[in-house]
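Per-chain residue numbering starts at 1, and chain names A, B, C and D are given in the order in which the chains are listed.
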Amino acid sequence: MLLRRFLISPLIFLVSMHSNPFKQLQVNLSITAATIALLVTVPSMAHGQVNSTTTKSASSNSKTSVVNISITEADVLAAQKAWGEALVSISTTYDEKGIAAARTLADNIIDKAYAYQSGLVLFKPTLTSGDQTFRTTHKGALSYFVGGDSSFPKDTGFALKGWRKVEIRNAGIFIVGNTATTMGNVILTDKTGKVTTVDKTWQFIRGGDGKLRIILHHSSLPYSAK
Amino acid sequence: MLLRRFLISPLIFLVSMHSNPFKQLQVNLSITAATIALLVTVPSMAHGQVNSTTTKSASSNSKTSVVNISITEADVLAAQKAWGEALVSISTTYDEKGIAAARTLADNIIDKAYAYQSGLVLFKPTLTSGDQTFRTTHKGALSYFVGGDSSFPKDTGFALKGWRKVEIRNAGIFIVGNTATTMGNVILTDKTGKVTTVDKTWQFIRGGDGKLRIILHHSSLPYSAK
Amino acid sequence: MLLRRFLISPLIFLVSMHSNPFKQLQVNLSITAATIALLVTVPSMAHGQVNSTTTKSASSNSKTSVVNISITEADVLAAQKAWGEALVSISTTYDEKGIAAARTLADNIIDKAYAYQSGLVLFKPTLTSGDQTFRTTHKGALSYFVGGDSSFPKDTGFALKGWRKVEIRNAGIFIVGNTATTMGNVILTDKTGKVTTVDKTWQFIRGGDGKLRIILHHSSLPYSAK
Amino acid sequence: MLLRRFLISPLIFLVSMHSNPFKQLQVNLSITAATIALLVTVPSMAHGQVNSTTTKSASSNSKTSVVNISITEADVLAAQKAWGEALVSISTTYDEKGIAAARTLADNIIDKAYAYQSGLVLFKPTLTSGDQTFRTTHKGALSYFVGGDSSFPKDTGFALKGWRKVEIRNAGIFIVGNTATTMGNVILTDKTGKVTTVDKTWQFIRGGDGKLRIILHHSSLPYSAK
């Protein structure tokens, strides 16, 4: 049913009055399948996430339907929490199932939590440098999190470092309609109890599943005067 | 002078039929001239309007500053109410002070309530037709409201028709971050008690005084089958 | 493959370190299937539509990737054209295949061209009146286009009236980032050559297929002084 | 006075090391005080910046007015360039006129280039740490740039370090309607020829003078493995 919806409906506009629409539909099915496999990845809203209310207007007796697709602070906090849980899940999967499982999981997490499908994410991980500082592609992000990519020889897999707890302390959140930006500290605890604190900025837009996706991620170690 | 501009202009909407608006209006006229000549007319936020809060983050002990410049339903209802009050104020001013005062007031109201400074407003008034249906310029809007412009010979001045009460019944409000759109009925009552109902759509963005401005206004008489 | 992507990936965040992730994945599959059947309907961008370029920065030697998900004028003109073609396709399908085929087609078109999945569309069709003026639901829109719904007894099916040509004359287009609004005349020609002109406003946001969707549609017959 | 405000304030960034900035600055100071006391600081558009065109619609003979208030790549590059020039101007003013002049200039620059009037800027400067890492207030930003604030005892004045050249190498730019985000390297050269490279992220919205303002600024020294 879902499949039908996505495969068939984009064709509607192409149906011509001069030809048999069924033939076109069949032709288009394969095209659409390919297209959809690639994309439809950063929607701005989904039924469950939209703030949809029926309120009584201040200036009338009638009921007013209100739909507001702006991002809320709650959306932002949920997305941050999900990022932390995802990092811990990769670390734990690595420890319990090995690198292949961790890599598969990381690959899926990056697909869902970041907006690489848009063509670009502004990602400056904590521990990258030189020509490979900015990871604007999915491949570069995956290598940072789980390593093992010969194109990025310095990557050792940040998500494999035994993380067990992630705490987020926001200094501020700035919401501009359909995008939200946060800045603050993220405090990571590994399985030995060692704590690492980073300065982190994220910017989100809504993703295809109605949850927020990261379009910007700048992480840095705290400055210490020498 | 700058100080005066921002202190005085928000009052335009508050001009009451029970007080003499002239003194304030004259001060404002020259300011408005300067404003239009130059610049900067549709800001997205102002100190007083921004939703700025300090909340306790769900995931931390620290205080988080949150600034959200999205438009709220309350912003929208206030802008609609102001439009209704402005229309009544022009009608009342016309009845009590004559056409010159009404025109001056209308001119100022259009400056404050609409976004013509951007270069375009999508305005389809209730009673326009033919080549002059769409009033995409300030001049066209002013003529519609108070008439007397030989370029628009059919305009008789909609705001001069003795309006005393404006009720807004929203069917729905759709908010997309920094813009909001409403659709519903507006019920106008004139000084003889006669009621006129129109189907009306407005779209707003934030204006230079922090209040919303109209970038779209489509008004039409109810359809009746012949 | 598409199916796999949408079913599996939303679960990633739920994978716990304390349990076998595979069990959760299976449980979640059904939930996700239901969820997705309902929604994921108004994405803000898709691979093909985003303006993604690699430019040489004015201030540097390096290549800069630029992704811009704002709506363009070309997006807007394409969406308008698609609306006209869709209307003609329903009329033609009705004439050639009958009401059942026309209704199915209209149902699909409304799903793709409008944003009812968001919970609300601000739709004031040309020929509606009274309590049924505003069609804020999919059901109300479908009835307007093809009739046959006893809840809307006055609807005779606007899209069944033999339309063969739709011309759009925009008076103006106002683009505010991720939403765009148009106002102008739409000139409809039926199979007898009869021409109908309406005053029409549309507002769009990006839909799940990367094309624009209508969140506002206000159509009215031209005003004529009696 | 209003006229003066808009004529003068855009010049702040242009203040050259070869001219006496004091006269202009003094005029501007009082204006700025009034501005901050009251209001309206981050507009979304200004006459000169809006992309307003009259195009021939693809589907009609008529002229269409198009207003697009989305941010462009050119807007972003101009704002980055202005930031670099402003930093150099503070350094040069300090060297030539002393700390008082540098402080006054920095104060004005922060007012124009950042969006502190909104109530929040997400600013993580390159060299801050501990409880004072995030400078979400104007006071904190001013101290970082010119020092001398006992509330921030570690600040030595980043903008006083003899900067003479700023080069910006963007890795990517992500534009989401009315906001734009950049990430890349900024290469600073001081008067002795010493070069410092930082990893820098900025996010902008439109400011009251039509130019972009910074709502996010995360700067960090490149990571180096020990």
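The rule we apply is simple: contacts are C-beta pairs under 8 Å (C-beta built on N, C-alpha and C of every residue); 3 or more make two chains touch, one makes a residue touch a chain.
It should be emphasised that the depicted structure is a prediction, and the values quoted were computed from it without experimental measurement.
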The chain whose C-alpha centroid lies farthest from that of subunit A is chain B
I want to confirm something about subunit A and subunit C. Since they are copies of the same sequence, is their interface symmetric in residue numbering (over half shared, so same) or not (under half, so different)? same
If you average the Cα atoms of subunit A and of subunit B to get two centres, how far apart are those centres in Å? 39
From the mean C-alpha coordinate of subunit A to that of subunit C, what's the distance rounded to whole Å? 25
Between subunit A and subunit D, the Cα-mean centres are separated in Å by 29
Can you pull out the residues of subunit B that are in contact with at least two other chains? 65-67, 69, 118, 120, 136, 171-172, 174, 176-178, 184, 205
Residue positions on subunit D within touch of subunit A in the complex are 118, 120-124, 126-130, 133-134, 136, 154, 171-172, 174, 176-179, 181-185, 199, 201, 203, 205, 215-216, 218, 220-225
Can you list the residues on subunit D that touch subunit B in the complex? 1-3, 5-7, 31, 34-35, 38-48, 50, 52, 65-67, 69, 117-120, 136, 177-178, 205-206, 208-210
Per the contact definition, I'd like the list of subunit D residues that touch subunit C in the complex. 55, 57-62, 64-71, 73, 77, 80-81, 84, 167-178, 184
